[in-house]
Amino acid sequence: MKNNVLIIGGGPAGIEASAQLQRLGYNVILIEKGSSLGGHLSKWDRLFPDGVHADGVLSSMLKNMSGVKSFTDTQVKSINRLDKSYNVILSNGISVLADAVLLASGFTLFRAEKKEEYGYGIYDHVITNADLEAYFSIGSDSRIDKPKKIGFVHCVGSRDEKAGCRACSKVCCATAVKQACEMKEEFPDAEVYCFYMDLRMFGRHYEDLYLKAQKEYGVRFIRGRVAEVSENADGSLQVKAEDTFSSKPLKVTLDLLVLMAGMRPSDAGRRVGDLLGMSVEEDGFFAVRDSVTSNQRSPLPGVFLAGTATGPKTLPETIADARGASMEIDRYLTDVFPQASDYKKLIREKW
Amino acid sequence: MGKYYDLLMKDYRLKEGLNACINCGTCTAVCPAAEFYRYDPRRIVDIVQSKDDAEIEKLLRSDTIWYCGECMSCVTRCPRKNAPGLIVMALRSLSIDLGFFIDSEKGRQQYLLSKDLCSNILDYGYCVYPRRFDYAGHPESGRIWEWEEKHLDDVFDRLGGNLDGDGPGVMRKIPQEDLDELKRIFDETGATERMENVRKAGERKAEEMGLSIEEFSSKVYNETNPKHLNQ
Amino acid sequence: MVDFGYGISPSSRLDLDKFDRKTFDLLVAEEPDVKKCIACGSCTAVCAAGKFVPTSLRSAILAIQNGLPDKALELLKPCQLCGKCTLVCPREINTRHLILSIIKIYSAK
Amino acid sequence: MIYEGKQKVWSDYQKDIPDDHYFYVRSCIRQSFFPASEVTFLDITRNRLGKDIFETEHHTTCGGIAYHSDTIPQETVMTIIARQFALMAKNGYENYVCSCITSFGLYCETMETWREFPEEEARIKDILWKTCKLDFAKPKYLIHASDLVYKYRNLIAAQAKHKLINVKTGKPLKVVEHIGCHYSKMFPSKGVGGAEYPYVLVGMIEAWGGEIVDYPERRHCCGFGFRQYFIKGNRGYSLSNTYKKFESMEPFHPDLIITNCPGCPYFMDRWQYVIAESTGRTYGEEGHGIPVLTYEEVAGLVMGYDPWDLGLQTHQIDSEPLLDKMGIEYDPAQKYAGKNGKDIGSPICPTCLK
């Protein structure tokens, strides 16, 4: 008998896990609250560090999961634990008896307007990283009007206790440097500034991207967090930071400011988590069984986690995490789940 | 190591105002003092959190801690919920308590501030009292104040004030029994002691500099070394 | 005129709007590697002159980028061109050569 | 600028302001330099709006200016504050209204310290009993007097004799608002509209017909800086910060600046004079300065009070251009007259400013 696996969330983690679990022979049901699969990836134009097109990545990932039963515009209505399985009623009226549940609920972008001093949604030429990706895809945005001076603000809604998020969102530094280069390609005469606290270019080729941004594109990196933004009479922006290397306050006039909104836990994921009684850590992301060896197991037997549901991750990390989760699910469904008489004991010992 | 830090940590303002600083510089970016003085509040917080006694002592004896205007604009900005402005206040208090304030030109100004503001409170019950606010010492108060100063009773009368009058109202005379209570509060909470210490330290410094108290006061009030400015 | 006894203080705020792109491009034409500096401070840490007088290549590059070339020249004055900084630069900038170019280009201005 | 974005922020920072029965506490600086403002505020609240607002002659300074000049310890001001609270309770009030922004910030800070360290509140309670034989109760509501005027802005508008509108052109006056730093920078939730886009004065300007001017250095401190003003040698700091603000707002050509802190209108008025005198630079039209008014003065003008009853003659910057724009009649001959027309001379008119 094929086991049923319910995957909640149709972003990269959910898609990748669907493909893997289907290949392992499970009956996968994927649900996505939005109207199409792909999550944030479907809204991104190109990916760091090499500038690969996001739509190509997404379509090849989707191809790998063809045949998986997936429901868009669908959410979990209720979820109850039976003896070993979960009885899940979906918002489209279907109910699923899931032997394992994978929560791949992803993240929500930090609402940049919460950093009131940056004036997102108030000043005409302040946008977010996501807005800029949309601009790259669509090719127009009324806020981007032949800018001659462009700034990128790292850590918007990350490393910020006042904004309720102490953690680093991991991907923003690389995204900012990527987008800074892209803007130089689009507007070669523009001055481009990145305001950072630490440049966390940790991944393979990331440092190369940084070097390229400096050497080829002449992007200026300023070590200081942007403190406040205001609007001049002509609609340009006055941006204040400290150049901490000079120990002096600094100001610059910009035509466009891009806020690198960080990763926050997904609201929808949180809702499902509440239905299950899943615990979250102080950062708001789901707690895992063990942060070193069991990153894809939740504290609840049979419930697994993948991707940014457990904190900020890059795309390759998310995909690797989803594969890891698939292996964990397979192990659970082959080693533990079938042994009805010993199930509770095995869960106690092995979960 | 940490002697001064421990002393500072007794201050509620430091308990509330210091979490681990990440040196992001948002405080300095908006600081009104950082633009005009050799001043970087970020570095002050960093030095305090280093617990380095030698560095903190240097700070306590320096002009640096006296540049802040206590506007608290930094407090809104800090992503780690630090309050550099409160940390500076704690440093200043400690500098005064240890007598270090007298070593720096800006710190020495406490002599006059303490004398003027505290006596306004104890004598009248106000921090600022118009009869003690003179045009000669405050030329920026303008021709208008030059005139008001001469006709203070008439001006207050015209504007519905109650200058030095009985009962409630603007700039009324605060009853003696209330001033007595303020004095007892000063005595009990260390304000009187601080005033005395600051006064004595000022007088000693004047003597050391070979100046009469009037000369010392005038120097402290009027003079400023251009080195404070940062260009 | 009234003598108030004080005046408007000069601003020391860095104003990036004053950055001179044209002159910087002259420097870049001769020293493309100047753009590679990551402000790590290795050059300043090993500087022989820096032990005795305030001098710092890191700060000088920064000063140019902040629109203060005169400050950069001032900071490089004590340099003895010993070249220790070239040995330690993690971005392999020919710092010695860079210093000479900075002095040449910005002194001429 | 996207207005709706600001509206969203404003809706996040609404503050509970009680409707009646206030205990009023005065401000040292406002009383010294803007005595008519407090008189007008009480007259509007009591006589025009019919509210109960009580003042006792026994209250004193909160000590805030001395505290922020680092001349007295924190426990001293906390005890003085506790004493003020005790007077409030003794007189049967629980809605504490203060005229001063430094005080307001200090009350907020003190309440926060007591919340975080209850043992400190208990200690202050003992000190107050020991020194004054008084027992205090914390206010149910802590409000700044500008919060009250904000609350009643529409009632005031309903009684308006004049609007913040240029009667000749029919266009709204361009108004800059300046919020005292200690109003909400330390505790954004305590101020109407928060710290970044405070609404307390904007709400008044809107209700009374004016147009808001938001300029880059709006949030910047006026530069008072306590010790940075009281010591003459430090005043360059204070002056320079006001200068920075005026340079930043100049391109927007404001007709009026409205403030809620007692110190700021004094500084922003007088530093314009110093800038004009020492550099020749002026910021208003045709060599005039920009009038800097307290919110009480603006409310008074809107409600038809005589400008000289409001004390506009005690500003160094002339308010006549503003009065003309608003279509307010005034008697130039009475400008500097004392009570009942008494002749008390007049100030020398500076040549640097019209």
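In this document, chain identifiers A, B, C and D correspond to the written order of the chains, with residue numbering beginning at 1 in each.
The rule we apply is simple: contacts are C-beta pairs under 8 Å (C-beta built on N, C-alpha and C of every residue); 3 or more make two chains touch, one makes a residue touch a chain.
The structure displayed is predicted, hence computed values, not measured ones.
Higher C-beta contact count, C-D or A-B?
A-B
Go ahead and note the Å separation of the Cα centroids belonging to subunit C and subunit D.
46
Per the centroid of Cα atoms for each chain, what is the distance between subunit A and subunit B, given in Å?
It comes to 49 Å between the two C-alpha centres.
Taking each chain's centre as its mean C-alpha position, how far apart are subunit B and subunit C in Å?
Between these chains, centre-to-centre, one finds 38 Å.
Give, as an integer number of Å, the spacing between the C-alpha centres of subunit C and subunit A.
The answer is 40 Å.
Would you give the residues of subunit C that are in contact with at least 2 other chains, written as numbers and ranges?
2, 4-6, 9, 11-13
What are the residue numbers in subunit D that touch two or more other chains?
Each of 195-196, 219, 232-237, 239-240, 244, 274 in subunit D touches at least two other chains.
Got the subunit B residues that touch at least 2 other chains?
30, 34-36, 76, 140, 222, 224, 229-230
Among line, ring, star, complete and other, which one matches the pattern of chain touches?
complete
Once bound in the complex, which stretches of subunit D touch subunit B?
26, 28-29, 31-33, 35-36, 38-39, 55-61, 63-66, 68-76, 79-80, 83, 105, 112-113, 116-117, 120, 127-128, 130-132, 181-182, 185-186, 188, 195-196, 219-221, 223-228, 230-241, 244, 270-271, 273-274, 308-309, 311, 313-316, 336-339, 342, 344-350
If you look only at subunit C, which of its residues touch subunit D in the complex?
These residues of subunit C touch subunit D: 1-2, 4-9, 11.
Which residues of subunit D touch subunit A in the complex?
Residue list for subunit D touching subunit A: 1-2, 4-6, 8-9, 194-197, 214-219, 251-252.
Which of the residues in subunit D come into contact with subunit C in the complex?
Residue positions touching the partner: 232-237, 239-240, 243-244, 274-275, 277-279.
If we count contacts the way the header does, which residues on subunit B are in touch with subunit A in the complex?
19, 22-31, 34-35, 40, 42-43, 76-81, 230
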